[in-house]
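Chain nomenclature is as follows: A, B and C, assigned in order of appearance, with residue numbering initiated at 1 for each chain independently.
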Amino acid sequence: MMAEESKKLITGGRRIDGRALDEIRPMAARTGVIARANGSAQFAMGDTVAIAAVHGPREMHPKHMQDPVRAYLKYTYAMAPFATQDRVKPGPSRRSTEISDVSRQAFNSVVFLEEYPKTGIEVYVEVLQANASTRCAGINAASMALADAGIPMADLIASCSAGKVEGQIVLDVAGEEDTEGEVDLPIAYIPRRDEIALLQMDGLITLEEFKKALELAKQGCIKIHETLVDALKEKYRHIELSVSSARSEDKEDV
Amino acid sequence: MITKLDKEFIRTLARDGKRENGRRFDEFRPLKIELGYAKNAEGSALVTLGETRVLAGVKLSVGTPFADTANEGVLMVNAELGPKASPEFEAGPPSAQAIELARVIDRGIRESKCVDLEALCITPKEKVWIISVDIDPLNDGGNLMDAGGIAAIAALYNTKIPKLDEDGRPMFGTDAGRLKLRKIPVPVTIYKIGSAVVMDPDFEEAEAADARLTVTSVDGFLCAMQKGGTGNFKSDEVVRVVESAYGKAAELRSAIKDALGI
Amino acid sequence: MEGYEENDVTPAQPMDPNSVLVANNKALVTPGELIAKGVDFLPGGGTYKDAGEVRSKLLGIVRLRNDHLVSVVPLSGQYMPFSGDGVIGVVADVQISSWMVDVNAPYIAFLSLSEGVDEYVDLQKSDLTHYFDVGDVVYAKVLSVSKRKDVKLTMRDRVCRKLHGGNIMTITPAKVPRLIGKGGSMIELIKQHTGCHIIVGQNGLVWMKGEKEALAAEAVMMVERESHIDGLTDRITSFLTSQQG
């Protein structure tokens, strides 16, 4: 046990899981994974897996939260009880409440909420398996699920984290890097607009290191954004191949 | 709640480089710190930032450490946004806003490592000091985050550790020495109003803002950050905002040190 | 852009040299994806214009009309009531002088007494459940949708009526045009082969009644499932023929 403390997390520019400093873990993205939801998706980066369901737009509950001019975006982030080594007590915690709220705010900047006044658009994210960057995986799953639900959005949001491990700036911290690392910087990013929709940071970092980490996290988000677009199109790929698609749009009663 | 007209007015002023209160974009309201405001707390501070008033109190107790940090004391930050401080706040369990306030201040203190938690160990694996910092806004005149963060660090600075009796129980009201702070982490929140960025907003300005970024820093390092609000920052804007928050924190730190008599 | 008719042929305008169509007609696009640049292109349904660029709001298929109007046809999503639509609804509540009707949309629809019943009703004596009760299924027209999304229905159209018996199924509202087919060709095909009476609501609810309800339902599901694969009409025809007799 004690010997492990001296174990190096980075050797010769490679991390313990073999990745380069600026490398994201392998990703897997899929949409339409929950049939009963209006939209759904699953996103994995390495051993972190999140699933998202979107219900609505539908009547807003509780009613006093109804906004007469726009939809209310409800975002719930939760951990499955078996997502981590120690069982997670079901129900909201201070941590999950905060993550839900900052994620909700991030999506507020892209969803055309004014198209559905008085309604609620409900996003439910559950982390099925946690190995760092769970809020990022959740946001990526939610981004796809919202698009899958046909919710109008100005853009897809992509999210990933950078960190500082043994004094070096790395992309997408995982495993021991998460527990032993010095800094975690999760962001959510809209590549085309070069906009930061979510940013949290903890740990000691200099201004210069921060700039480097932010840049790296942005690069990660750009790659993730491409993955999200591909996954969304995958489900409908055959349509593009179909020559006679979208032929008749007649709105006729029978 | 502020009206659409108020919002538009604030945004128009901001676009022209002005604020309704006549302050510069990076100008804080006068800061006042009163230590020992709550006599039954082991440490307390009332921070006044213009109309905003936040009281922070520190209570100590003896308890068992967490298994993974068996030789360290425990630090907890909690915040309640009670209706007394604003008609916007509701009674009942902590809102998402209250939780965020507490957690952002908590991360600023924790990540700065300003409190030597190992020094709070009484008997390894068995007995440690548990420090509870409670943030209690008395009036929400905007910028609770910075006022609350300053109140928390001032209250910790003001904290006296009680002596223990023969059975190892704390004798409240006695003084076995001050809680030592190694650094002074200072949060500075920057609010984006249209294309302008302002510091220390009053209530109306905070309501009119699209987004905010809280940057907590100590000498030489940033230690915690949190973006909030439904609007976004351009990425080069983030870098500029972080730089100016870091600079402002240094300025505030010396004012805080003066007020604390360090 | 709502109300822009497909048949409104605008005379060809001189093309602005800086205007470019980036995504092709019928291309599959995702939210935020660039479709066209420049003043020659107008944002239609499912798109928005930002900094002179027309981008998609939705996961859907690009449709270019008259070389100018760019829209995106959604592949998924809820039904949004539109004035004039024929919808199938389920009565959710009976009030003092009106009914609330669930039309499978984000908003519950309102049917007033005067729009619901074509005769004098004395509210002192009459019980509105006599006309429509909770759980009743109606085929109604959307009378109006306000800016704040108050949806009003009417039964004042010869096709509108209470639906008795039969079977109801729900399909993705985005697929309704495919189920109806060009000039009603697809639904006529299913009706002919099954002998069922079928009503398709724009809101994705489909009512069918007849001896071969199950067969009709299967055909409808097939359309929903395979609507974007070529040769749909032929496949539906051979499916229905093979099941006959």
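Details
Just so we're on the same page, a contact is a pair of C-beta atoms (placed from the backbone, for glycine too) under 8 Å apart; a residue touches a chain by one contact, two chains touch by 3 or more.
Fair warning: this is a prediction, and the values are worked out from it, not measured in the lab.
Shared contact partners of chain A and chain C do not exist in this assembly. Averaging Cα atoms per chain gives one point for each, and the point farthest from that of chain C is the centre of B. Relative to the centroid of all protein Cα atoms, the closest per-chain Cα centroid is that of A. Spacing of chain A relative to chain C, judged by their CA centroids, is 32 angstrom. Measuring from the averaged C-alpha position of chain A to that of chain B gives a distance of 28 Å. Each chain gets a centre from the mean of its Cα atoms; for chain B and chain C, those two points are 53 Å apart. For chain A, residues that reach two or more other chains under the stated contact definition are 190.
By the touch criterion stated above, chain A contacts chain B in their complex at residues 94-95, 97-98, 100-102, 105, 108-109, 185, 189-190, 193-207, 210-211, 214, 218.
Chain B meets chain A in the complex at residues 94, 96-97, 99-100, 102-103, 107, 110-113, 213, 218, 220-236, 238-239, 242-243, 246. Per the touch definition, chain C reaches chain A in the complex via residues 6, 26-28, 30-33, 46, 48, 50, 55, 57-59, 61, 63, 73-78, 85-86, 106-108, 148-149, 159, 174, 177-178, 180-185, 187-188, 198-200, 202, 228-230. Across the complex, chain A meets chain C through its residues 38-39, 56-59, 68-69, 110, 112, 116-119, 147-156, 190, 192, 228-229, 232-233, 236-240, 242-254.
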